[in-house]
Amino acid sequence: MLIRPIEEGDIDALQAIAVETGPGFTSLPDSRDFLIDKIAHARESFQRTQEAGEGINEAALYFFVLEDDRQPLDSADRLAGCCAIEARVGLDAPFYHYRIGQLAHSSSHLELHRTLDTLFLCSDHTGSAEVCSLYLRKRWRGEAQRPMRNGTLLSRARWLFMAGFRERFPGRVLAEMRGRFDDDGKSPFWEALGQKFLPIEFQRADHLTGMGEKGFIGEMMPRHPICTSFLPPSARACIGQVHTQTRPALAMLNRDGLRFEGYIDIFDGGPTVEAYIDDVRSIRDSLTARVSIETALSTEERPGWLAATTGAAADFRAGWVGRGPQEGVIALTPEEAKRLNVEEGETLRLLAT
Amino acid sequence: MSLIVRSATPADLDAIMAMAMMARPALTNLPADRERLKARLALSQAALSTGIDRPGDEQYMLVAETDSGEVIATATIKALAGGREAYYTYRQETLIHASQQLDVRREVNILSISHEMSHATLLCALATTDHDQAASARHLLRAARLALIVRSPERFAPTLFVALSGYREAGRTPFWDGVGRHFFSRDFDEIHRAASLGSRSFIGEVMPPFPLYLPLLDDQAREAIGRAGDNHLEAVRAWQREGFRLSRHVDLLDGGPLLEASRDHLPHGQWLPAQIAETMPENACPGTMLITPQRLGDFRTCVVTAAINEHGQCVMDANSARRLSVEADEPVLVIPFGQTSDSEGRPC
Amino acid sequence: MLIRPIEEGDIDALQAIAVETGPGFTSLPDSRDFLIDKIAHARESFQRTQEAGEGINEAALYFFVLEDDRQPLDSADRLAGCCAIEARVGLDAPFYHYRIGQLAHSSSHLELHRTLDTLFLCSDHTGSAEVCSLYLRKRWRGEAQRPMRNGTLLSRARWLFMAGFRERFPGRVLAEMRGRFDDDGKSPFWEALGQKFLPIEFQRADHLTGMGEKGFIGEMMPRHPICTSFLPPSARACIGQVHTQTRPALAMLNRDGLRFEGYIDIFDGGPTVEAYIDDVRSIRDSLTARVSIETALSTEERPGWLAATTGAAADFRAGWVGRGPQEGVIALTPEEAKRLNVEEGETLRLLAT
Amino acid sequence: MSLIVRSATPADLDAIMAMAMMARPALTNLPADRERLKARLALSQAALSTGIDRPGDEQYMLVAETDSGEVIATATIKALAGGREAYYTYRQETLIHASQQLDVRREVNILSISHEMSHATLLCALATTDHDQAASARHLLRAARLALIVRSPERFAPTLFVALSGYREAGRTPFWDGVGRHFFSRDFDEIHRAASLGSRSFIGEVMPPFPLYLPLLDDQAREAIGRAGDNHLEAVRAWQREGFRLSRHVDLLDGGPLLEASRDHLPHGQWLPAQIAETMPENACPGTMLITPQRLGDFRTCVVTAAINEHGQCVMDANSARRLSVEADEPVLVIPFGQTSDSEGRPC
């Protein structure tokens, strides 16, 4: 299994993923034109050469696929999943959140002093990086596949990319988490807030947002602050809470140091978690080592070390290797070296997981 | 027609104090506090005996008195509702939310905190005893306050209003429960008491400055916006008959309606010289008139059966003239007094 | 030199400090009654016993003094400085900031998409801890005193207290930094904003705030958001910037991981820096060791290890020790042990600086 | 008095297009665009020939024509300023900032975005050629539009207003530079062009919803609030003479003043039967009157020397009657036409 940048030829497989994910996965709508544009944008981003300080006002999309290199080369089943990094959100279309703020409310006359939790429609994250679009196809999930740690590979390979190409990213990174839904698949937060102001269904609102068409949010959603106490308890209980299925992903991001800082999704109230990129544990703890290709290596049962290339961004590869570095040298089997497309003496970035 | 309305004097303190204590719910504008009532009576008397050419801090207290001299009702006009402070209300407004992308346009109703009404004249503090004629006294005090304004328009603001108690149900105030409680986490009665003990303006001043979105209010609170309490519906109709109309403003605490009128659109009445006669002139059709002498220093009005004769004089009987302290040829303000009865006669 | 909780008997010395600091140091106004109350509040806070989760709705003040134990015991000159921690700000009186937020402003019709920086009056930090009131008297400053590192002792001893009594503090800590002033001692931010709304001088506003009388802020300052572009450039240049004299203090807090997160002082625009308490470097890196008192120890020239007691809060002591721990044991000279009031076998919390 | 004002017809397209192109600065409400003007002329004609009992999307275009049939000026009434959209303005408001602690109370002036004026009737799009009589035509078109409103009040809103261009200095618009530029980072002329090309309402809709604090505006912008451009001062005075007064609202883009009047407080005029005579009746004092026939389907008015005779008829000469297409005994609306000259005659 290996992570690499998406390529033009992946379009059929990507569309198959879009069909598989369904409408709930808003960043991959089942629209071939949209996906072709997405791939083109990603190719252009990877191929761009960028020095520190350059391009800080340009959006860039780093879109990766997880490839199953055990499958025949021409198989449609080589693509096992995908993940992405938006280098700077909100540059082309507004990027909205509700921010939970505290308003002081006090009167000496009434001997009253308290604070009110208030939702502010804001775009505070404009310019931050976002990790997004993570999807692992069903075949590569489940108990039998667990030892391969495909989900971890998809999620954390991105940190190694960001560590290796730090100059392409701003100071902060965020991830948006799906909010809490009730047993009928409805979002109480949406019912109490979005639905009162938008003449469309949750799915359509979510879809439009996924397509980057967010103008309607600023036009239709309340732009004055809202005291949360005016929302019903069921909606308040959604604020900053994640969907049951999203808990493992949240836990993984939390372990990397991403935290909820009071920003929520305007539709479902789900939390945004965020961190300074340089504080992300996987980035801080990653280290580099020189490759030594050796034939007589044993492979550990549980992949514990993640490896990523450090050459050109467009040639990025990441995957599990069977052991860690020893005194600045990482020993690879010939298969591992082939998978990562590295040769003796090249440098890899490594992370113990 | 045995009631007369006159400006209150310090001698009315006991009677007014008694009515203030009886009022349920307590009237924000009529504190059951002797010292404060006493001070207000003095101010009212001073205001009437001073030449005033624009509205200010003045409050005019009136009482309704029976033939036998019993004071059975009182009411007040505050020349400016805010006085030295602000009179906060919620103003009903509409925002337009339109999206070219979705091709929709929606009107979103909000309530904004406003102090516009600070500069209008407030008719308030109507209280009565349980006298048989209390309902008539209420009716008369409504008309009498307007007569005072017509008599001396320069003392009042171009906009007049009354604020009627909001809708309550089973001892709860749904508007407060859905709005104010979120900010103050106190019961309505508690905050109402705090408001009547002194300044009300601090309440508006400490509230968040942002408007409330009606779609986010609970149904009960939304339905209470601008809705009078059940026992004030008759008062709403009575004021409407006097030419008042529902305002965009509602009470900040209970959502009760404000009714407003334009000072300059009140029925003007006519200034006519008085004539005192034992019998009505034959060719005149006597009518029920509210008669107000012009005299400065006090105010006095009552409903009289009078006629306007061919010389343009207002003919009334000697008894009425005596009660109004009117002498022959003295100019009086004559306003026809509607027969529209006010059977319930709820306080405003 | 040692750090210890303030005591009732320190009132004269504290007032002397208040006189010396002058009106610029707002948390120590020259008011004996106010100072007596402050000491009483601090004594009560130190003496309180508190379990995890308790007292989270109670304000507490941990006020320390720096004592020069080389001076005679009855000397008025034993007090060299002070520092404090507010366990939870904003519980008794509103705690205001301006928060810098981004508002999206876009129109497809005009092909316009940008964000506006906006100041929101907020009380978001209600319930956070604050490190404050740090003052080192002139006699203990300057080139000659530098090797004693008194400023560092005052500033960082607080982290050891917080590490040792973690259950007394909430999740986050902040420090407010003095803002930028021009050569005439005026704050351009105040001139452009506060002065337009407050009928008082900067010093009086600052003084009232120091006394905890902050009601006037909510009453008089603009409560609707303000776009920063409406402020003159001189005022905008103050946003989040510190006074020249405050730079060293800011650098020290930055090294401990406290960062500017967009909250500024409403009067001078100076930054608030903040962190999760568990992330503060001095807290994270501190360790504990058992005391061994030895007579034949040499003292290093530059104090490099900070030591703090771990017993009752009311008996807290902190000071420099001449060496670090070896395998869980910290060797102290008899003088050091006496200064810290510890005996053989007791536990100290240590921090390499 | 050789000018007549009449409703515009499709045949006036060339003349109106020429005036729209000449207007400097370009008029937001009179686009120099043949297709749009053509559509608007058709709508105007349709509105006049339809029975309408409440204001809606209608626009009424009028032209002023000389004796010789030359069209030298045009003006429009939009029955509702917003039509299907919102008409955004800044409303001048006052907040009260009071502190018991400091014992002070301050009034803080703000500008709030408002679309209240959407529901009022807008008088706009006055343009002329450079004909000698252009100033008279402007004066007449002001009065004529009011006559149309008095003739058919049910077609218009209770509040009428005009919006005059704001203050400019050396080619800059200080209000825009101090306010709008912060939001749009474009020049006034560029945004003005975008606004006149289509909907203006999007401008209000994308602006931050929070009010502006006047103390934070620069002096030039603050002084431009409600201040008309130097060459519109005469227009302000002219509208004031017609009974319009400065409104609390100002233009969103340039801060120019809005002047408003109450439809029901316009000089009412009288409906009188016409009489056509060669000479004025001897015992009547002929005056200058604005005469408007009642006839549906079009609108036509001009200033005539006429008299009201003892039978309550409006006596005019045959020439005037012919120009107005009035026949004997037909009822006409007669409004005295003030002699107050409008020598500068700036556009409104």
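A few remarks follow.
The chains carry the letters A, B, C and D, assigned in the order they are written, with residues numbered from 1 in each.
Assume a residue touches a chain if its C-beta (ideal position, glycine included) is under 8 Å from a C-beta of that chain, and two chains touch if they have at least 3 such contacts.
In this text, all values refer to a predicted model and were calculated from it rather than measured experimentally.
Across A-B and A-D, it is A-B that has more C-beta pairs touching.
Relative to subunit A, the most remote chain by averaged C-alpha coordinates is B. Spacing of subunit A relative to subunit C, judged by their CA centroids, is 37 angstrom. Centre-to-centre separation between subunit A and subunit B, using Cα means, comes to 64 Å. Centre to centre, using the average C-alpha position, subunit B and subunit D are separated by 39 Å. We define each chain's centre as the mean of its Cα atoms; on that basis subunit A and subunit D are separated by 57 Å. The set of subunit C residues that touch two or more partner chains comprises 103, 106, 108-109, 215, 218-219, 224. Those residues of subunit D in touch with two or more other chains are numbered 98, 100-101, 202, 205-206, 208-210. Every residue of subunit C that touches subunit A in the complex is listed here, in rising order: 90, 92-96, 99, 101-104, 106, 108, 113, 115, 120, 122-126, 215, 218, 259, 262, 276. Every residue of subunit A that touches subunit B in the complex is listed here, in rising order: 103, 105-107, 109-110, 112, 114, 116, 118, 192-193, 196-200, 208, 213, 215-216, 219-222, 224-227, 229-231. Interface of subunit B with subunit D (complex): residues 85-86, 94-96, 98, 100, 115, 201-202, 205, 209.
Subunit B contributes residues 97-102, 104, 106, 108, 110, 182-186, 191, 194, 198-199, 202-203, 206-208, 210-213, 215-217 to its touches with subunit A in the complex. Taken in their complex, subunit A has these residues touching subunit D: 108-109, 218-219, 223-224.
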